Amino acid sequence: MSIYRLLISCPDAHGLVAKVSQFIFNQEGNIKEAHHHLDEQNKRFFMRIEIESNMACSLEEFKQAFVVLAKQYQMNWQMSDASQLKRILIMGSKSSHCVADLLHRGLENELEGKIVGLLSNHDKLKKIASWYAVDFKKVPINKESKEVDMAKMMNAVDAFAPDVIVLARYMQIIPKSMCEKYAGKIINIHHSFLPSFAGASPYKRAAERGVKLIGATCHYVTSELDEGPIIEQDVLRVNHSDSAQEMQKMGQDIEKITLAKGLQYHLQDRVLTCNNKTVVFN
Amino acid sequence: MSIYRLLISCPDAHGLVAKVSQFIFNQEGNIKEAHHHLDEQNKRFFMRIEIESNMACSLEEFKQAFVVLAKQYQMNWQMSDASQLKRILIMGSKSSHCVADLLHRGLENELEGKIVGLLSNHDKLKKIASWYAVDFKKVPINKESKEVDMAKMMNAVDAFAPDVIVLARYMQIIPKSMCEKYAGKIINIHHSFLPSFAGASPYKRAAERGVKLIGATCHYVTSELDEGPIIEQDVLRVNHSDSAQEMQKMGQDIEKITLAKGLQYHLQDRVLTCNNKTVVFN
Amino acid sequence: MSIYRLLISCPDAHGLVAKVSQFIFNQEGNIKEAHHHLDEQNKRFFMRIEIESNMACSLEEFKQAFVVLAKQYQMNWQMSDASQLKRILIMGSKSSHCVADLLHRGLENELEGKIVGLLSNHDKLKKIASWYAVDFKKVPINKESKEVDMAKMMNAVDAFAPDVIVLARYMQIIPKSMCEKYAGKIINIHHSFLPSFAGASPYKRAAERGVKLIGATCHYVTSELDEGPIIEQDVLRVNHSDSAQEMQKMGQDIEKITLAKGLQYHLQDRVLTCNNKTVVFN
Amino acid sequence: MSIYRLLISCPDAHGLVAKVSQFIFNQEGNIKEAHHHLDEQNKRFFMRIEIESNMACSLEEFKQAFVVLAKQYQMNWQMSDASQLKRILIMGSKSSHCVADLLHRGLENELEGKIVGLLSNHDKLKKIASWYAVDFKKVPINKESKEVDMAKMMNAVDAFAPDVIVLARYMQIIPKSMCEKYAGKIINIHHSFLPSFAGASPYKRAAERGVKLIGATCHYVTSELDEGPIIEQDVLRVNHSDSAQEMQKMGQDIEKITLAKGLQYHLQDRVLTCNNKTVVFN
């Protein structure tokens, strides 16, 4: 028994659901979970289907058979086998709260993915990576040699052959070429409720502005800093007695949980994007 | 162009979605929104479909055609026309916050239903009903003549021919016979986070227990007091400085909003029940 | 028995609390509730004390006696009698949700203030004002005659002799001169989680950006649009299926509650400001 | 420069704040942070003061001087030096999420305390304790020899000389004698929003009841199971598609965060108890 996940995005059309579900039925698949969304403004249809299959035909055969329908309806689509865990590369810097939280979830098999490495520009996280028996790779980034260092970093990333890259407070701006190469595969946690306080020092600016809630935003990375499609957000109540430094400490809890949540949605193929927004079928 | 809403609950079976969506396609309907849920424990399947129809055939004809499929899969089902607004009867006592909030939503056409009356055991809400031009009916309930009074109340309820009855802090226990007659059609707001503090004086008991969050619960009424299927819940942070009386005031905001939310789900045919639980497709 | 409220903001100094509480003791006052806050960055101390007094001496005498201490420590301070309810002027436009909610709270004596009037640039809210027996004044604002109209509006405002002005979705930019005249006395509800989406059409922009939470912000009005000190904020979860229009409807609930909460803090003299931020002693 | 923390609970009396703050002033202390609470029902006054002191006199001398005032007003009181970190003993079983989270906070110096040991009835957590260089002690608890085993466990606890004991999903009922010996010093995390679902299998029961929010409760342990004073609570939204098993996974995040928050309040001497309730000055 296999679980296949089918993600579809296409122009809205009459009878789409009927056609797709009939196709699955014909392949002797059973629909275990299904979500639809019609973007009325863009007249675009989104679908996610979990298919329980004891098919004779393999995932590859299933995909080949689906091509006809996909073409007919001009679908962007992907189909994956839930048992094929995605390879996760974590990138961190000195902050450990998100990294430790993800590694622990990995150890306890709570992520539907496999953490294959931790890449950092500092040594600090090496010890914790070794605890969790995760491959650690350090690539320092210096101001003076940034271009060369970033190239090394990208080579190191490629060497891990990641399906998804998690920026767990990496604190460096990702080069445009990497953003494009791994489009839709780099997930960042920003320590503010975007679009408020995009860029540097969000807690400091939140404290200065006197907001009553601070936030964290998990989003896909694009070449526009902190402007990529948002996957998940959360907030935390603060008050006048909380300094920027205290907000930073308090914020760690929503950072780590929001990142883990957004990552899990991605790992379970629950996220589609459209016009810099996400459709999250959870 | 009509919008029909199809709600289905049935034993899980292979090809269900395909069959239903094919049927809709054949009737020249278009699936505008669809939600599914498989209750794995009970092997039961739930579905809600919004169908956009410019069918020649009417709702009645559509329903008749569906009977065959419905029988084959042993479905509990209902199909309704979204333009047929449900008749809402509000029942209140002396508290006005929920009642005023609902009446105002009615006035601003924010409820997908039509408020046809306000029934109370006291005079206090009469004035506000008149403001909103809603029929007011008083049926006093006295301890000494409770049985007779309750019979009068039930007659008054029937006279409004309601599709849904909203207990907006009515404060009287609904007779079993009425619970059964209007099963799945009476919605109550309980002023606690059920199952905590079921029964009387929940804020007093919450204050005594020293909880750090208070809540409100919108649920269907059954003959078991405060034990019916929960539609919606919400909570609010409190602390040691909030007395029971202050909690009661603070709680009014989540009471009115949670009630309005649960009611709206019901009015939009988004709620199915199974084993004293709800499936809410929102 | 009277309740006096003393609000103090001053440079931090050794023995401040001792001096003030000793003074209150000497006046035969009893401290019923007290809050302190030290802004470490600005070395500024904030205090709010509720004093239970069966003093022979009046509020005026108490205030005169306090002047010596106040001067010594360079205090900004105010002392008020809790039984002297503030005069509230509501300003609205066409949206009714905040206005109706405030009027209803007024009717039920849930606001520690007295609503003395409703001023609007449209007729729509006239009926609801009459229901609640609140003085209604219409001052139309036209693009062509904005300056003259605004002058009329300000005259109308002055005529109500308000202690606090509540912009309940008034939708017009308040002239600078009025902002200054009523500095710290005009409270606005902005329909976004500021600083995100300051200015016009916040729900539309929130939907376009694809945020996962929408918000509302209650703040003091200054001459810088949507930049005044924030009193209270709240958020609400949304997802991809919620259009800008639906967000607008959903947002009404947090708008009305956040506004009422922020207003109540102000009415209870719980808010001090410092450097465009608030200290809220709740 | 030292920070002393003074916690007071006593019958309400005229001039209390003045007397205490005058005393501190006389000892050349400076009040850095102060919170008061008057429990009107029980006529009891609660106070927490953070005193910045460059006193010549030590904590001991300060305490001795305070005795006179304390007696006069029948105070329950304690004064501690903030630099004297409390000794934390963590007790766990097989679940690792709370334990790993606490150990990590310990490593990053985010807890105002010192983790001195991890005691468990199983081996599973041994490895993680060794990573964080925390003393691990296993005391198995068998049904057949429970009394003897519990005695061994209590000896092991005593050997760590803990100031506070954290039950991080320990899953065993603490003997009454231990509850009494460490009264007000044992903190538990219960995996439900108490008083709902006290006792065993709360997630299973939450799923059966069909609640729309699940919770976690951090409370002091008393000899009445899950009935001790609540320090902190939080909730998480769930829906019909979340099984008991999924709720259990989702709930881990609020369990670990709520426990850490409640523990931190305790470590910072922010919690007083009264009649099975807490006053939390945060």
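Things to note:
The first chain written gets the first letter, and so on, giving A, B, C and D; residue counts start at 1 in each chain.
Keep this in mind: a contact is a pair of C-beta atoms (placed from the backbone, for glycine too) under 8 Å apart; a residue touches a chain by one contact, two chains touch by 3 or more.
Note that this is a predicted model, so its numbers are computed, not measured.
The interface with the greater count of contacting C-beta pairs, when B-D is set against B-C, is B-D. Spacing of subunit B relative to subunit D, judged by their CA centroids, is 41 angstrom.
Between the CA-based centres of subunit B and subunit C the separation comes to 36 Å, rounded to the whole angstrom.
Touching two or more other chains at once is no residue of subunit A.
Arrangement of the chains shown, judged by which pairs touch: all-to-all, with no pair of chains left without contact.
Contact residues on subunit A toward subunit C in their complex (touch as defined above): 37, 39-41, 193-197, 208-213, 215, 229-235, 239-241, 243, 276-280. Across the complex, subunit C meets subunit D through its residues 14-18, 21-22, 24-25, 30-36, 38, 237. Interface of subunit C with subunit B (complex): residues 96-97, 100-101, 104, 107-108, 110, 131, 249, 252-253, 257, 260.
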